[in-house]
Amino acid sequence: MSSAFKFGELSVSIFGESHGKAIGVVIDGLPGGIGIDFDAVLDFMARRAPKKDGTSTMRSEKDFPNVVSGMVDGVLTGTPLCAVIQNTDQHSADYKSVSHLARPGHADYTGYVRYNGSNDLRGGGHFSGRITAPLVFAGAIASQILESKGITTGAHILSIMDAGDERFDPVNVNAEQLKQVRSRYLPLINTDVEQQMRDVIADAAAKLDSVGGIIEYAAVGLPAGIGSPMFDGIENRISQAVFGVPAVKGIEFGAGFDVANMYGSNNNDEFCIENGEIRTRTNNHGGILGGITSGMPIVFHVAMKPTPSIARLQKTVDYTTMTEETLGIKGRHDPCIVPRAVPCIESAANLAILSYVI
Amino acid sequence: MSSAFKFGELSVSIFGESHGKAIGVVIDGLPGGIGIDFDAVLDFMARRAPKKDGTSTMRSEKDFPNVVSGMVDGVLTGTPLCAVIQNTDQHSADYKSVSHLARPGHADYTGYVRYNGSNDLRGGGHFSGRITAPLVFAGAIASQILESKGITTGAHILSIMDAGDERFDPVNVNAEQLKQVRSRYLPLINTDVEQQMRDVIADAAAKLDSVGGIIEYAAVGLPAGIGSPMFDGIENRISQAVFGVPAVKGIEFGAGFDVANMYGSNNNDEFCIENGEIRTRTNNHGGILGGITSGMPIVFHVAMKPTPSIARLQKTVDYTTMTEETLGIKGRHDPCIVPRAVPCIESAANLAILSYVI
Amino acid sequence: MSSAFKFGELSVSIFGESHGKAIGVVIDGLPGGIGIDFDAVLDFMARRAPKKDGTSTMRSEKDFPNVVSGMVDGVLTGTPLCAVIQNTDQHSADYKSVSHLARPGHADYTGYVRYNGSNDLRGGGHFSGRITAPLVFAGAIASQILESKGITTGAHILSIMDAGDERFDPVNVNAEQLKQVRSRYLPLINTDVEQQMRDVIADAAAKLDSVGGIIEYAAVGLPAGIGSPMFDGIENRISQAVFGVPAVKGIEFGAGFDVANMYGSNNNDEFCIENGEIRTRTNNHGGILGGITSGMPIVFHVAMKPTPSIARLQKTVDYTTMTEETLGIKGRHDPCIVPRAVPCIESAANLAILSYVI
Amino acid sequence: MSSAFKFGELSVSIFGESHGKAIGVVIDGLPGGIGIDFDAVLDFMARRAPKKDGTSTMRSEKDFPNVVSGMVDGVLTGTPLCAVIQNTDQHSADYKSVSHLARPGHADYTGYVRYNGSNDLRGGGHFSGRITAPLVFAGAIASQILESKGITTGAHILSIMDAGDERFDPVNVNAEQLKQVRSRYLPLINTDVEQQMRDVIADAAAKLDSVGGIIEYAAVGLPAGIGSPMFDGIENRISQAVFGVPAVKGIEFGAGFDVANMYGSNNNDEFCIENGEIRTRTNNHGGILGGITSGMPIVFHVAMKPTPSIARLQKTVDYTTMTEETLGIKGRHDPCIVPRAVPCIESAANLAILSYVI
């Protein structure tokens, strides 16, 4: 198996190649009877669509998710939900003349070995970032179901190179702030940093290079007591799902890697009573203790690597002829994938969380 | 479900509470016919056993894994392997008089809510670090099966506070080095740092406090082409398993979070041919591209939080009376769990990797 | 979850409703590099298509499986294979005016409760026999992969009422016979019984009634030693999959329910050596002992209930008004679903067997 | 994987070999806080224990399930429940001198191939009927949890050869009747048939032979709307679990194989309203439509083959020397396994049903 996960009663199966006929997703195990705001789904998906700066709308008319099952008159039927997104540019590549130069940072070579040389290499095939479009459809649906249960989620760009946004307040972040930040063109808490971030990206592009970054996610409204110890807890499911997003190289919950430099007395979050509810004064635990929610916001960061497709010449090999070659990648590629990855990370995490509350 | 995982045909199910009768593990899906060096299993397990500095042997006579099924005359039968470890200290706590003060950083409160107030609270119950003993048994078995297939794994302490070891050379780390480092009393590459590390830990202990750290893991000998894209790749399975080790708050593969500060031209690992084989000159990808092995060493780091049990007084709540209280944790607790966590991390990752090659 | 299964590394997820936009299937975990004879797939699918007696071709031009991913130039890529079948008759029913009379023998009422009244009721929705079309696509693919490994499977109608075909010779049934029988318009070993069987069906139709029957499946070419004891053996996976075909009410392997009337000395299959291979002289065990193949043909029967949609007036209830009503089902319905169910049973079993040999 | 199943959030993993140190089970996913009547568990298990006719007590003092985790003071903790049963007779067989004659009807040969000749052959090893003892422990626990939710289950011997009991009334069978029948020494509805059944068994024993039979199971108290269509419905999970009991060769729900001889108008169960609830007048559907409960009793039958161990001489092969041999099985073996299999079937089905309601 590869592109499916099953968390408890929830199953998500993603299919498609970049230059095949279509890509899509089947989500099995959703509850029947929940109304879906389809415009909101399209808005959510538009956040990962290629952006033209200066346009006034975030709505993309491409990558339209054609819901072929599981929804009638805008209401989930409870039986498998399938959305199919047609590939309109599939004419662009000739399968026979595809290159066998391994693009550094890509899965060309590893996929070639894995699939006995038969996987679709055009445009990255099944490894293409394009395959996140159906994931984001699924994540948008998950977002609405979670919202119907009082759970709100959102993510923003925490940093790209030295251009850094503020962190969520891990104790007090609320639903309104999450909705606001994720609605922004560049999802940032401190919009003052937007220009600096754009400059960093433009600078990389000018150098025919690319940059990565860090994304911060939060979820609020989960009650305490959701999840499980050891292998099936919140961190386990979220991390399994999040590493399904291409270019993710790390994930940390709460204080994350900073814990290595903290004393226990600093890292421990003291419990207190506020308005009759148990809370913690700090939230280094990221809302999760023993794999189970504490009722505090779930907070995690993921590291996204720089776009591997860069225009600069790179040394590599032809894995069919076993010769060393020089590669120049053509075409337009995002100099920074992080903004478009934000809804992808949200989607993976939303689905993981959803699996506990359906 | 909580304390079991199923990766492909491999299933691992861990049971037990700190002060119950016994803890243990069932491993289902192992190949029949592989001989196990049981002394080596005990040595592997001894690495997570409580250590008395100054002793000459690492062999612990406690926590003996009683193999009750799945092995005959030292050879795996292929049917479920079960090891049971008796709890000898189970008399120590009276169930009725157990405290309901939520120890900060522990799962007392979250577990209480999760299990309707019925989970075993004595000594942390199922959330106790003691439950990693059977995990390490399973990891030791996995280690030997992997070794029989030419795959060697190992881990070391990368840092505790400002006391930092060298990193593995991600390109050239080899089996011999892995075996050597994991055999050390304090698993370090650069043994010169050992005293500094001991001092940091001793200093924390003197302050009635604790410290966390970072563990680095590597696996060599995996061929290219193992794994799968999206949700069932190497990173997915390893991270799902590794977050099963208590106190893990983050994981990063290859360059990890550093990718956020790198240009694509620096992060991309150029392919080359060496001795007729495809390799990369650098290994920022940590041996994994698109969820699939490249043939380069698999390398990842995990962040371990400081031991939450500290002797200092802490503020907290009684979650049954809903009152704020002050808590002083008694008893002996490791001021730093990182050294004993090293074989736990190895074990979780070994099992994840094993699932692809059985 | 509902309409997906995951056997080891193989995952199959079926989606769609009878009157929705499309139905289809995602198959994840197939090996890359296997060439598919697409005409043979269409022929296989044509076996479950509605039949007009007297036509010379079995090829149906409807229900065309549009492969949108996982296959390039007729070769499996190894990444998820998705086929989408458009629903052309979706205009036929108005969602708002759908009846809430529970058709006896159908899942109208149980589905209504299960999905909070939101499942698509038109034409049976997700419970429609139509949903087996993508299953049969998947089964046809499985059949070809199995064939590439020397495994041949097939099924026939064993009986419909008192019209009974011969059984497969459970010891000597071979690949050629399986291919021959499954290619027949009515899949029978003894074609002399065809007219009698047609008469039984025609008689039921004339009475505005329907009939069920028994299907027999066999697989040859599996080596000994495939499968597992207890819960993940051949019988477990096949039965889990086969009960996914609507109208199946029973399954028996080898001598099946007849064992209740046999002595051990009759039921036990004696082992012998033939041409240097271990075989059994009889095959009451249906090719499976302890969940594991013996190398003898796998043989099982399934019971298919009569088509529940009959034109006769039936008493029932309106589950929204909670009143007793009389129901007359309109439209054309197969008086016997068994002939079209044969490839469905093959498909479910083929996928179960495939999961062990990929 | 082999001896574990995972249904939704419920995971059951069975371990052990007949002559190993111990056998047992881990059940993960049970709810915390449910009190267990341990005497009732022992009584349930006693039903599968070897019986000495004429004794006044059904309580067996052997095969005691030592609960090592998951239960404190008789209450489920919600974390994994593990019971270990010591093998007291493990001295009886010498591993080195074990026979390699394939006992007909046993998994000696198939297991040998499956496990590369390394599985424990003594006493059938992991394939021994003894391995059902932990299954029955799990089933007894499941029975009590179901009972706490108003669901009662039970099974009886429907037939052994021509000695046949009455069937459950599939419409009106109730909790009291189920509890009564399962408490009987020979679980029969019509106790008048007991002597005839004993005679049939005694007759087989006298002939150095064995007999099989049919077991009927029923569950009452499940509300309508539990389960799922296609691959994850009630029939799917029950059949997957039930084929985990050794010697099962078939299963049929409701009217089962009789449907092959019925008209739709006879097989369809008309809906009606009784006391304000929707029911059916007949129950040929066995309480399940479309994989989902209808609220009527769940009823199924399983076919149990005759004990394969018989004293009569049988022809077979030595699979290591590849020679034909004659085998005389020594020792005491049940001439009919059916009475002891009744609680095994109950247990497998109870666990399958439990997985939907936790």
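Think of it as A, B, C and D in the order they're written, each chain with its own count starting at 1.
Operating definition for what follows: contacts are C-beta pairs under 8 Å (C-beta built on N, C-alpha and C of every residue); 3 or more make two chains touch, one makes a residue touch a chain.
The model shown is predicted, which means the values in this text are computed figures rather than measured ones.
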item	value
C-D against B-C, pair bridged by the larger set of C-beta contacts	C-D
Maximum centroid distance from subunit D, chain identifier (CA atoms)	A
Subunit C-subunit D separation of Cα centroids, rounded to whole Å	27
Interchain centroid distance [CA atoms averaged], subunit A/subunit C, Å	38
Between subunit B and subunit C, centroid-to-centroid distance (C-alpha), Å	46
Residue list for subunit A, restricted to those that touch at least two other chains	1-4, 8-9, 14, 79, 114, 126, 229
Contacting residues of subunit A [partner subunit D, same complex]	8-9, 79, 229
Parts of subunit A lying in touch with subunit B, wherever the complex brings them together	1-5, 8, 12, 14, 102, 104-107, 109-111, 113-114, 126-127, 131, 159-162, 204, 207, 209-214, 223-233, 235-237, 239-241, 243-244, 246, 248-265, 267-273, 276, 278, 280, 284-286, 288-294, 301, 303-310, 312, 314-317, 319, 322-324
Residues of subunit A touching subunit C in the complex	1-4, 6, 9-11, 13-17, 20-24, 26, 28-29, 31-33, 66-70, 72-73, 75-82, 84, 95, 114-120, 125-126
